[in-house]
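In what follows, chain A forms one complex with chain B and a second complex with chain C.
Right, the complex of A and B next:
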């Protein structure tokens, strides 16, 4: 871990927090003491022996449901980001390479999609296609694609006009070669910084959708869903949401700390993406 | 100037046109027949035909889109397929007109949004300017850390924490807001405010620091003009445009935040209405809510752009594409 030694304390703390939550979400299910779908007792039972966090809205073990509930949201967020970002990267490069009408049409489409608030767009797609794992991935990709496209497009403009691209063209290189070998490298630094902002934003969106009951569907367990299912009884057994709330908080704060630390190292800190 | 305004209005019209097309497509290119979705799988074929006729599903899609837009312009968004149905006896008839259903949620959301926005703007300007003037101090640093915390937390996590604190640990506030009363607004507004202010105050702080570095502020200070006067006469006017820009950017966040916050507290607004319409697959309602939410965002951006244009003379000479 050589690169870590050069980073600030806040970055290291942040990365540790993120890794901790990631391992809880991946390996948590192996430690669940009960079947997360088993009805054990009265709904919203306060903690008692063997059930340190009490029971949830259906009388299931809160701890077990928490331990299995971290996987899907993270998988959807990462897949949704990757698909959207890859398409955005490809179309962005293609658009800049093609110039002219193709460029302006694609840009217009991306502006229309960006004109929609992210959460509303995702809800609309879920309304149309019904909530399922791949629909959520698709919806998240649709949110990420035009934003990554816009970033790639503006970052690639200079390279497109550069003399080395001109040389490559006159050498008779193919379209894909010029797009990926000649133009893409100059796009990568902002693309990666953007990834650091867009992945946590994606996690947030997926968690929010689950919370709204339109993401991961019950009886499957998910942190956002746990908070949603128990929200009307927070005054009876607040511990039922303690673990998902803490984990989401630690995860998001960890990501932000890590990014903040990394950005301080840069000479030109990149603005926080908040769309 | 008129050129700029016209072009900007054209852009807004285009965006809203595209928005309606997107909403229409998303709610019409569904797998499966909406009539069957409404009636259930065991519906009699005759009933399905009646509903298809009533919804105009037999027409070609372009005709339907044009009809739909024409009706929407007259504020007729069709009839709900889940609400106002007359029990089982009349399965297959259509429910309450959407335009009636959305009036009171619209009013409620307007209250929530305007109270939150007003407080957000005031607090952002106060805290943003204060921290910028004392950049690097202990107060500034601790405010930045707290701000980062609020940026990081999702609205529903923040809201859940507030509910536990103010309804369980110190039970002084209601945990749900089914009706619109001042006391019921406290927690939704606070949640919305806290989830936004981390972002906005940070950006205002950066904007004000930029202005502090400009020559005219430095000169004013050298001339011995009192600090208060500098802030009021020099700093705030030039920090206004970037601040407005920030609120335009934050509008998308704000719309998403409203949806989540309304749902969390059971607040009867368009956000929670939209979520339950999506969950109930009530397409006419989904269309209306999506257009209202998306349209508000587009128009908010437009208004901010216009205000910036009029408050910042520099922009007037620029050629805007």
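Right, the complex of A and C next:
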């Protein structure tokens, strides 16, 4: 791949880590040896033959529950981030490009949305619309959108006033060209750093929502739920939560490595500011 | 507190006559990968003024800082010594060194807006400086008032309660000088103190500095890229290139009879507001960077006198008569060569008085300003351009000159459609042009192109040079990929850039290269009118001359009409055929260039002309022959 050959080793490692966890979460259910909802034996049983990770708080197979449990929470978090971030990016650029009334109106709306605590806003939406997959994605997007918007807007201000944008305007370039080709590149570094913080935060939010009983409902399997259900047995069978914890950790590190690498694609030559 | 070693050296050497002696200082980066300055030696007597000139990157600021025993982050002084009154500053422990700075040797930074603490009232800054270095000063209040008066600032308490941002650029710079003066140092190091100021402000500040130096008998080290300013201030001058002093001596001597090819090149490149215009000559190639210094003479790759020796060996310092020092192997050949000055042919440069050419651009009664939102509803316009009218004939170059705040850039932005005039009409080829660039026709936008002021912000740092130049071609013309590649190559050729620049980004280019790319981008649209906003003001003289040559070439070869905004009258003299002088938004005088320069009618124009620190008539290369 041309794209990958240009990137550093750590980026490639990061991308591999992310792809690995994503494929586990998507295709894992095909490899689950047992029915994740089947009660097999004693709760918190330590690993024995056929059950390499032991049993969970209800005596279900830990491995099977892990393989099935990555599907929804992860998809919701990532889709919820992506939708929110893309809309935030677009509206942020549009707002900065348009200036004046459009800018102040959009900013006002984003301030109002940021005024609600994330969890409260999500609870409101989920309570009103019911806890389905797409409602959760929508709720998470609503949380992410104004925050990304605000970041993009502040990062884009400098580029908006630069003379290369003026030159483009006097050349007669269209709105979209100026927004995406001239202004967007200078927004990307903070945007990517923000993504590295915001994707993990989104995963956490979805997990918290499950914990609160909205979101993914037991007995359905979910990595956030597995951790919360089995945490009291940490000393008896730590392996029952090892898999989801490790997977989440690998995912977070992978996301951050990949995003770091995307930023360092082009570096300025040695500059000491010598005069 | 001085190490025994340092004491021994300083005792043995007869340094008493010199105030400051610099011996073979060398500054390298922390990993010793490259040498920023090397083998720099000079000495300064009490009350003497010493200038350091050179292009950016020549190491002049590094030398200035090394005089205070300071090196920038990431660099270190690796060898050499700086004796101040017989005491080697480089061997002093940090505390002792700190007490010498400010007390004996003071520094005035380049940019006063960042050099002064924005959170401190100016009186407070002065008081603090005094309290640290001269705690036993009997009457600090009087001393503060005294230095303020010396720098010709108001000394009352109301003025002292102001913050730096409440002052003009010239006043800020005077405060910076007052801060340096307050502890009565023996020597002051000034780093480009007048750069960024208007000509009239600059000439006032130069007068202040000259007077101060004389009155207080303080020695001065003056670092600048502006040869005219240096000429008018200093006694001794050192010319730097590639981290070495390549020529040194009495300023009148060096400037009237330069021995080194680089000094000659620099002087030939300076545009002058002389009565007879001639074209400044650019030095070919670009300035060397510390990380790719050639093994021999740093100037060898650009030198037209170079011999085989120059490439392999660093020329030693030659001592000529009158304490002149030069580093060059081929002095006799250089001095035998007489430059040919091309006096500019007025017929080519300036419109004939008959005025038979057709008018390309007509600006009629344009007023423009910015909204001030004071009061609730009555947002009023604050006009910065007031009923300005002028005509530009096709193939002409009209220069709009004036100080900052004169409205010259706003005027240009009105023509470009980036600023909406409140009143007035702009006609292009006898057709009224819409005010907003958005409402102009596609064709009209193509025909008027702009080159903005600062090449650092006019090129998108995230777009490659190739894409930057290609975009207007894609937008305005439907060309096949082969055709557009051919056109890009033609454009690069026209602005004298090489093909390998296309994949690079603007951060990898030098100032001159950036400006050439910006011009190429404007030319890509095949415009009929080129609007240039201070396009050479941020460039070094040697580079500036190249851009001026390029613009001149565009006019003569392509018949391009140019509107050129500048504050530099020397630049205007060498390029414009007609000059519009603006002051406070109004046109005070507009005439053919030679008339403005030979017999200015308006007192303001006269002021502007007399404010330029010009090189003298006797200075190399002199006035051109007719």
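Keep this in mind: the second predicted complex is superposed on the first by the 168 of 275 C-alpha atoms of A that agree within 3 Å, B and C clash if a C-alpha of one lies under 4 Å from a C-alpha of the other, contacts with A are read in each partner's own complex, and residues count from 1 in each chain.
The criterion applied here is as follows: a residue touches a chain if its C-beta (ideal position, glycine included) is under 8 Å from a C-beta of that chain, and two chains touch if they have at least 3 such contacts.
Just so you know, these numbers come straight off a predicted model, no measurement behind them.
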Which of chain B and chain C A:125 touches, first, second, both or neither: first
Touching partner for A:164 - first (chain B), second (chain C), both, neither: second
Partner chain in contact with A:148 - chain B first, chain C second, else both or neither: neither
Contacts of A:112 with chain B and chain C, given as first, second, both or neither: first
Touching partner for A:186 - first (chain B), second (chain C), both, neither: second
Partner chain(s) touched by A:17 [first = chain B, second = chain C, both, neither]: neither
Partner touching more residues of chain A, whether chain B or chain C: B
Chain A residues contacted in one complex by chain B, in the other by chain C: 272, 274-275
Residues of chain B that touch chain A when the two form their complex: 15, 18-19, 22-23, 26-27, 29-31, 148-149, 151-157, 160-161, 163-164, 167-168, 171, 175-176, 199, 202-203, 249-253, 255-256, 259-260, 263-264, 266, 274-275, 277-279, 281, 283, 286, 290, 293-294, 297-298
Footprint of chain B on chain A - complex, ascending: 111-113, 115-120, 123-129, 204, 207-208, 211-214, 224, 227-228, 231-232, 234-235, 238, 241, 245, 248-249, 252-253, 255-257, 260, 272, 274-275
Chain C to chain A touching residues, read off their complex: 29, 36, 56-62, 72, 74-75, 290-291, 416-418, 437-438, 440, 442, 445-446, 448-450, 452-454, 457-463, 471-472, 475, 505, 507-508, 521, 525
Complex contacts: residues of chain A adjacent to chain C: 162-164, 166-167, 169-173, 181-182, 185-186, 266, 268-275
